[in-house]
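Each in structure tokens, the structures are laid out below.
Shared between the two complexes below is chain A, which has chain B as its partner in the first and chain C in the second.
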Partner chain A sequence: MVILLRAGGILREIIKPDVDYYTRRIEARDGLAIGEILQQVSIDKRLIAFIYVEGKVRDYSYIPKDGQTITLQPPVSGG
Partner chain B sequence: MLSPSELERYSRQLGVEGWDQEKLRRAKILVAGAGGLGGVAATFLAAAGIGEIRLCDFDSIELSNLNRQILYSTSQIGRVKVEQARKRLFEFNPEIKIIAIERRLDEHNFAELASGCDLLIDGLDNHVTRLMLNKAAFKAGIPYIYGAVYGWQGLISFFRPPETPCLACIMPETITTDSSTPVFGAVPGVIGSLEAIEAIKYLTGAGKLLLGQILIYHGDKQELEILTADKNPQCPVCSK
Partner chain C sequence: MKGNGLAGITVRINLSTGEIKKHPTDPEFMREWFGGRGAIAKIIYDEVPRDADPLGPDNVFIMSAGIMSGCFNPAGSKVSFGSISPLSNGHGDSNMGGHLGPALKFAGYDMVIFKGVSAKPVFLYIDDDIIELRDASKYWGMGSLECEPLIKHDLGEDFEIATIGPAGENLIRFSCITHDFGRQAGRCGQGAVMGSKKLKAIAIRGTKSLKVHNLDKLTEHSRSIVLRTKTHPNMAPWQKYGTAFFINWSNENGVFPTRNFQTTFYENASGIDGDKLVEKCLITHKACFGCWMNCGKYTKAVLPGKPTVYLEGPEYETGALCGSNIGMTDINQVAYMNWLLDNQGMDTMSGGGVIAFGMECYQRGYITKEQLEGHTLDWGSIDDAEHFVDMIVHRRGIGEWFAGGTKRAAAMVGHGSERFAMQVKGQEMSGYDGRWAPGMLLAYMTCDIGAHHNRAWTITVDIAEGRETIEGRARVVVYLQHIRPLFDSLCICRLFWGELDIEPEEIVEALNYVTGWDLTVADALKASERVWNLTRCIYLERNRANGRSFDYPPARSWEDKIPSGPGKGKGVTREQVEGLLDDYYAARGWDKNGNPSRAVLEDLDLSFAADRLEKINLLGNPIPGGIPKVRGERYKPKAF
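Here is the complex of A and B:
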């Protein structure tokens, strides 16, 4: 299946966008959870505050569907 | 009952749908941090007539604060933030009580400093302290309006567990954060203003709160996203 990874801030360069400024297209085996997909593309979870899919915060056990966009929210800590 | 001067001062907001000036006058709010977020939130809350604002920060004013911390000026560099903030807010509205607390908020002094408060407003600058206050606010039963910024982006939510998730349900302690956070001053201006709006809605009962939701402001795209978030049944703070 195809998954679109989207990120801004410090994570944008780490995901190596290739679709547009914020988005990378990746091929993943059907049934893989988000945590496993992130491992496959070597993204350190400690750099991610949380993830969301279609307007809902999800945990790393969520299994995305073909074509879904997974947004990686970088830590936002300033004030 | 509002005095003639209060009636005049608040005349432009008294007609706002759902507004209740008496409730605001009775309210007590703790603002944790008097920087970019806390300074803006406290300014609008003072101007709106919140009865008591406790402003807590242990820092002094630095030159690098002045791109976003609009309560302060260049001539005040080196002075204690909360004291300057108290004076500035009092100039805005001398009819309310503004208490400057020059201390570092922690899990040991939170209950004392927040005693009797209706709300905690986040004006902090790091994730670790936010998680600590999230826990302390949960223990004290005080709702927590979370706000944070980075670069062009800002986040806000209203945490009131057990009804809603708490910060620790969504963001783990293990995340790595940058010690010097880049930020364009208008972004904490936006998020601090949204925090003030959220506080007024909670205190008056007007409108709809960001319960179980996170609002993300993307200044680089001028977009807003509102996410839903569930409670984490394994949350180390609010699931116990």
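Here is the complex of A and C:
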């Protein structure tokens, strides 16, 4: 399957965008969880605040569908 | 006629005599000090006697909307307040979003500078050209959140209101200023300074417009930023959750302050995280003036046995400091505490820190049920916390001890409790534990207003560069201490820079379109560095000892290893704390005592400040080999 990883801030360069400024195309085996996919492409999970898919927060065990866009939110200070 | 973003008038008000004078705003002064925080620092430096009581008539209280607030640039919503801080006895400034800053500019004013003390409670009334001090007796004693709608009812919905609560009136040193039903200038006890001057509120209606240098270019530039960032990956999650959603991340990375920073992992974090806020409390999203991010969350708290209350928040910091740090397990409890402190007019960050310190003192038996008027002060008890807050606000019994913040409270409690009074320079720490994030610890130690994350936040750098080493941290802290406070001088929001990848060059470009200046990012950072060094000089002149002696965190920071969670067994050593300071002073061109050298002050056109430090023997020694040519070079960890 193919998923699109999107990230801004400190995560943007870490994901190595190749589709547009914020997006990387990743081919992964069907059935892999997001956590496994991120491990496969060597993205440091400690720098990800949360994962956002189609308006919902998902954890690393979420299994994406072919063609889905997965947004990685970096942490920020605040409030 | 081309403008420069300034409204053109600065107002001076003597509260002792009631005299109100309007003066032209000096554009050269604003160019040199950049309006908000910077202009405040210079006025404090020039006008406040070094022995003036922060809560006395000789302290100034300044409200400044800076240069870019209210202009047609993104996120120009801020207004800064400043004075000598009653917490640190040094320079203090704190800012808020909402609509007050733009209203001040639209009424025709850049700054209002108060001195003296009113004989009776008053509020400042500004309706375009009309400026009056009006009787505030009917509002005195009211909670901030109750007072704001009443003033609006009396004056009109289109007035923007800032108020203090009973905490500010009673000179509680960590009191805040509240506006727009939940925006706060929380830090540095600015509410107490207003209270000391008997200034209950500020009400402004502004209907004029501002002129900028190049409106066409500014419009095009602003439009391109807004359009580009609408599809930024961070935009949708940020709009939905705001800052509160970083609680779980902070917890999983072992920096989440828990039960007065005793540990850095909270077993109930998922109960107070941002998803619970959205699920249980959210009413609607809310934006400040000129912002398309609407990260504010208007909410309600529903708890058995308590009235349903409405508020803005909690944001991350309140979630940490009025959540895990005092043992609350449910987001409604955190939201209720948020409302309680907002309405009393207490900073939720320092307030949460003070309650947590009290709870640890009670846990250890250093304060007793008898001293607490028969109440307990247990972790996670909303009733205990509410009663303790009431004791503090009204200075009853040992509430008086805590009214000055944790540093002063520790001196009264005794038992060596200063080792876990989690503050630096009298101001309580923000919602991150620095023991396993040495850059963050250094940021707290060296922050000019006391322990505050807003000047520098380094935790992702700490993670990326190695959390057991201090190498390279000073450099990043110095850079951040220049870039982040720059926003507070310009009076624009910092979050869109951090969240939406707006480059500093784009911000300076907007500044140039507003003003007609021709500045570079390096120029702007140097101006920010000048302010940083000036606030250091104010601190040294008022507190009369080597700067290094004030830059230490409480001993828990190096004596106690983290006892649980992902950071179990981790912590900095005393040697690392000293090393962080050595590296930091070297990066700044200050001597090992933490005092600025003449060379660095002269490089920043602050020779007048060097002369004054020399007279009191606090000018830094010459730096062997000279000062760094660039202090705070732009820094990006390799991993980013």
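Assume the second predicted complex is superposed on the first by the 77 of 79 C-alpha atoms of A that agree within 3 Å, B and C clash if a C-alpha of one lies under 4 Å from a C-alpha of the other, contacts with A are read in each partner's own complex, and residues count from 1 in each chain.
As a working rule, a residue touches a chain if its C-beta (ideal position, glycine included) is under 8 Å from a C-beta of that chain, and two chains touch if they have at least 3 such contacts.
Computed from a prediction, not measured in an experiment: that's the story for all the values here.
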Touching partner for A:Arg12 - first (chain B), second (chain C), both, neither: second
Partner chain(s) touched by A:Phe50 [first = chain B, second = chain C, both, neither]: both
Which of chain B and chain C A:Val76 touches, first, second, both or neither: both
Footprint overlap on chain A, comparing chain B with chain C: 8-10, 44, 46-50, 52, 55, 57, 73-79
Interfacial residue positions of chain B with respect to chain A in the complex: 33, 35-38, 122-127, 130, 147-155, 170-171, 174-178, 181-183, 188, 214, 216, 218, 220, 225-230, 232
Touching residues (chain side chain C, partner chain A) in the complex: 232-234, 236-238, 240-246, 248-250, 253, 275, 313-319, 431-432, 453-454, 457, 459-460, 463-464, 495, 498-501, 639-640
Sites on chain A touched by chain B in the complex: 8-10, 44-50, 52, 55-57, 59, 73-79
Chain C-touching residues of chain A, taken from the complex the two chains share: 6-10, 12-14, 22, 44, 46-50, 52, 55, 57, 71-79
